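In what comes next, chain A is part of two complexes: it sits with chain B in the first one and with chain C in the second one.
After this line comes the complex of A and B, so read on.
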């Protein structure tokens, strides 16, 4: 009996199922296994991301027949020539970069003390509450928050009510209004990476520094700052790139001003000039590419 | 090596895709109209401004599509669009039998051959349409009618009665003397707004010889752009979303600028605003329903065109949207003051409206010695003005 059943098991091993065969092949070929595993995300990345960027680049060389509105494929540099020679585009590009830099500086300055308090001073319970309250606004729609700021900044809004008694006034719908709103919108994205890099700074380093006679400012400058710099840069990548691509906030609270995103939007929606829109859209892509290359050395990209 | 090969493949693939998508050929104007109607098809696909074909799904009490479906057997699918340019690109897909287009889009659709001329004898209700809306630049080309009117309205001048004193009677309050209200002036955010400046110049700078604000040669466009760039210094914000405009006038962030009657009607009385038709007249719009050249359901499309100009349906549709109806009889079915509020059929009012028309290279005012600036040039100019 025992022998019989053993022979039965043996015969089953000789005739493996289809799934068995596949797993045997995969087991013996680790490279194939890896390729199959990665193929889905790679195809997605390739088609959705890289092909889209390439399509953007190629479309930027097309032109549009101004009468019929049809696309004319080809290789024309007209879009890039006007991009570089027309003062409109350089003015808007500079304005956009200016807002992005301003928003980033404000956000980093606000985020540093908040993140420091969360990481080093607050009790674990309070820390949890603070993390939740920082993440909370991210659950509300971007549009709702921008429109809320529209009423905050308005002539009869909270800013006007608070500032008029002390002789100041609301910034209103202007570049500074847009800067404040964008700073508010991206603040959580800046706090979180700085907070997580501050958390990694060992407390005994701070104690050692103070034992060796360093004052608070010296400790911050020589110990904390170099250690959290990658976190700050990681946060700045978020606020900088998100501001660079924005066109909705500036429309809602920015008054009559336009940013690069608005030029892309009007070229797609109003002018029906997709090639010009593609050419303009490459400007923030190039700026971000330069920025990322510059910060790669700080190790910030490992902190994203 | 493998990666670069993949990238190459993707690049080639995307080029091929783009080349294919760019291949739609441009055909010329369609001049063949239907001679007779057949039996109605089962469905009809419509494209229009939001609120132009309500079937009760947004508001159960607002429904003029269901009676049409019951009467004709044509099942309606309606797609709303946000801008005239979006309308054109959607319509070019060929999925739609009929479109409600404003004058800044109609000529482009006619020129590209996407719409067919209409046999108005097959649209009995067309007889009831106001004569002043028939055979105009934006719906008629070479004697052929391509669109039946839906409704019309003017771009009025609105001001805050507490701040803007004395009460303005001219557009100069937003142009030459706008600096008095610096930062609180508004204007419509579209290249077609250049026509508002051109209309102002037409009345105040006769040496420019502008006879039609939609037919501007290079010099005339440059003059309008200069005027608008000066205005830009005083503009608080431009509007294209009418809800945004309502809010600005309510909070006082905006005190003077262009508006629509429907915005004025939506403002609370506490906002202290007034909307007027200034002495120069105003730009405005008259929307037209047009039938696609390659309509799959031409009979149902004609049935819809006839229905939308019937007094009941026209009253319901234009009152819901907030514009003057296209037929006099609609006033019998609308609420009591509706036609008076919107100046429906008032010829003195209507005479002063310059309806939105697509600017094209062949001057609309009949000049043949110069080329006029087209919509693409206006769009570029508008971006420069905003800066």
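After this line comes the complex of A and C, so read on.
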């Protein structure tokens, strides 16, 4: 640190500027350096964001004075009780979970063949092209994709045009319309982890299985499936959690149907009942937490 | 395991069918932006450029676009500063609570947007006493953009190692000089990639935005959401949708290119 303390170098004297002094002090104090690096981001993320999340958790136990509309601090389970007893809330909670489960199952069923084709059948060159074509739509805005389905599902849209001649009809703006759109939105998130886990399954393992007399289906069931299960679970985490928290898609293509997110939105806005909104918002978080704990053993979390 | 030829054909056709379905809706939005029917009747009976004309002459739309660009630019800058500081701290130091800090960085993007949205809404209004507006949107966006900058910078810093920085210090450079002449030049392409991703993330975001924007601020996604259900406005929404896909794909394309070039080297 000779330069910084202003010693002579050659014949030239370097005068310590203010920046030099700070640099010298910082150099000798790594802990101070670390604190300075961390202070701004940790103040922001910790003191605002984490504090906001904790406050949300606490607010869920507050109530709202129905007369003045003011928050009443306290520890009341009222909000959580009405989540299960109020017929609107419990119906919406069950519907949201139902849609999330349905979307996840459909996405996994669609992802398996395409991931298998990509990982085990396609040539390396085609594989690269396929991975990029699956990734590309992920970059397009989520809102735009949901909106795109609004025109596809519309009464005068392409679904109606394609399906009416064969005696079917577009599902229109309904729960199934919302299910299709959500399944569409999260499909790439499900394909990619399944694909990467399939890619890691060594081909000679499959050959060994067939050499030992196993039929194709037996190999898939007994060798491939257990090996790619973490990938499937990882994919399902995405589609499940993203569906649980969604409220834009159901607004755009779901008609008048509501999901948990809508209830949160109306309770923050129109109903001005933040505690209820907080309690509802915790439902997806709690469900996801339970799901993540349940699947931790499969090793799926390393596949995210 | 032997896969029969017919099974291969079936799998190939499922794959191409799914890929078609993945691209079809986006293609339809593109075509509908030229569809002369206000209700977007399919198939289009004739094509027109009138919606594109109307979109570019709508002042509300231009305002929303400039708001979106401003929000994305500002939150990217905040995310760049905070993300770089975090990456330097976590890559160069060992300290108590390191895991909690890295969890804290991922949390805003790992939790459902609606949870982050109302948490920040509550924090801004009741804890900090802010009026919801442009500043709160920028802060909210910066919060979930930090992670993209952080991830890119951290990966680069770990790959760089400490040798060069130590050599620089041994040769007499102070901390700031080392950062300016040794660390930053090696870090800059990772920061550009992370910044581009942050920009794209912010430009597209809708859920957290609806909770932190208040009444007066209209970003492009909010404009789309507001106008989507208005009769007669849907064709212009198509134009904006096409435009948004293009604007969000360009930065991400370059970010991807930067990172893939680097992993090859």
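Convention: the second predicted complex is superposed on the first by the 245 of 304 C-alpha atoms of A that agree within 3 Å, B and C clash if a C-alpha of one lies under 4 Å from a C-alpha of the other, contacts with A are read in each partner's own complex, and residues count from 1 in each chain.
We take it that a residue touches a chain if its C-beta (ideal position, glycine included) is under 8 Å from a C-beta of that chain, and two chains touch if they have at least 3 such contacts.
No experiment lies behind these values; they were computed from the predicted model shown.
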Partner with the higher number of touched chain A residues, chain C or chain B: C
A:59 touches, of chain B and chain C: first, second, both or neither? both
First (chain B), second (chain C), both or neither touched by A:124: neither
Touched partner set for A:50, first chain B, second chain C, both or neither: both
Chain B versus chain C as contact partner of A:73, first or second or both or neither: first
Contacts of A:167 with chain B and chain C, given as first, second, both or neither: neither
First (chain B), second (chain C), both or neither touched by A:156: both
Touching partner for A:213 - first (chain B), second (chain C), both, neither: neither
Doubly contacted residues of chain A, that is, touched by chain B and again by chain C: 46, 50-51, 55, 59, 150-151, 154, 156-157, 252
Complex contact set, residues of chain A against chain B: 46-47, 50-51, 54-55, 58-59, 62, 64-73, 88, 91-92, 150-151, 154-157, 172-173, 252, 254-256, 258, 263, 266, 269-273
Interface residues, chain B side, partner chain A - complex: 6-7, 10-11, 13-15, 17-19, 21-22, 24-26, 82-83, 85-86, 88-89, 108, 111-112, 183, 190-191, 232, 235-238, 244, 247, 251-253, 360-361, 374-377, 379-380, 382-384, 386-387
Residues of chain A defined as touching chain C within the complex: 1-4, 19-20, 22-24, 26-27, 30, 33-34, 37-38, 40-42, 44-46, 48-53, 55-56, 59, 110, 113-114, 116-118, 120-121, 130, 133-134, 136-137, 139-145, 147-152, 154, 156-158, 160-161, 184, 187-188, 206-207, 209-210, 214, 216, 219-220, 223-224, 241-242, 244-248, 252, 261, 264-265, 268, 274, 277-278, 281-282, 284-285, 288
Interface residues, chain C side, partner chain A - complex: 1-4, 7-8, 10-12, 14-15, 18-19, 21-26, 28-29, 32, 37, 39-43, 81-83, 85-86, 88-89, 93, 95, 101, 104-105, 107-108, 111-116, 118-123, 126-128, 139, 142-143, 146, 169, 172-177, 200, 203-204, 206-207, 210-211, 221, 224-225, 228, 234, 237-238, 241, 244-245, 248-249, 252-253
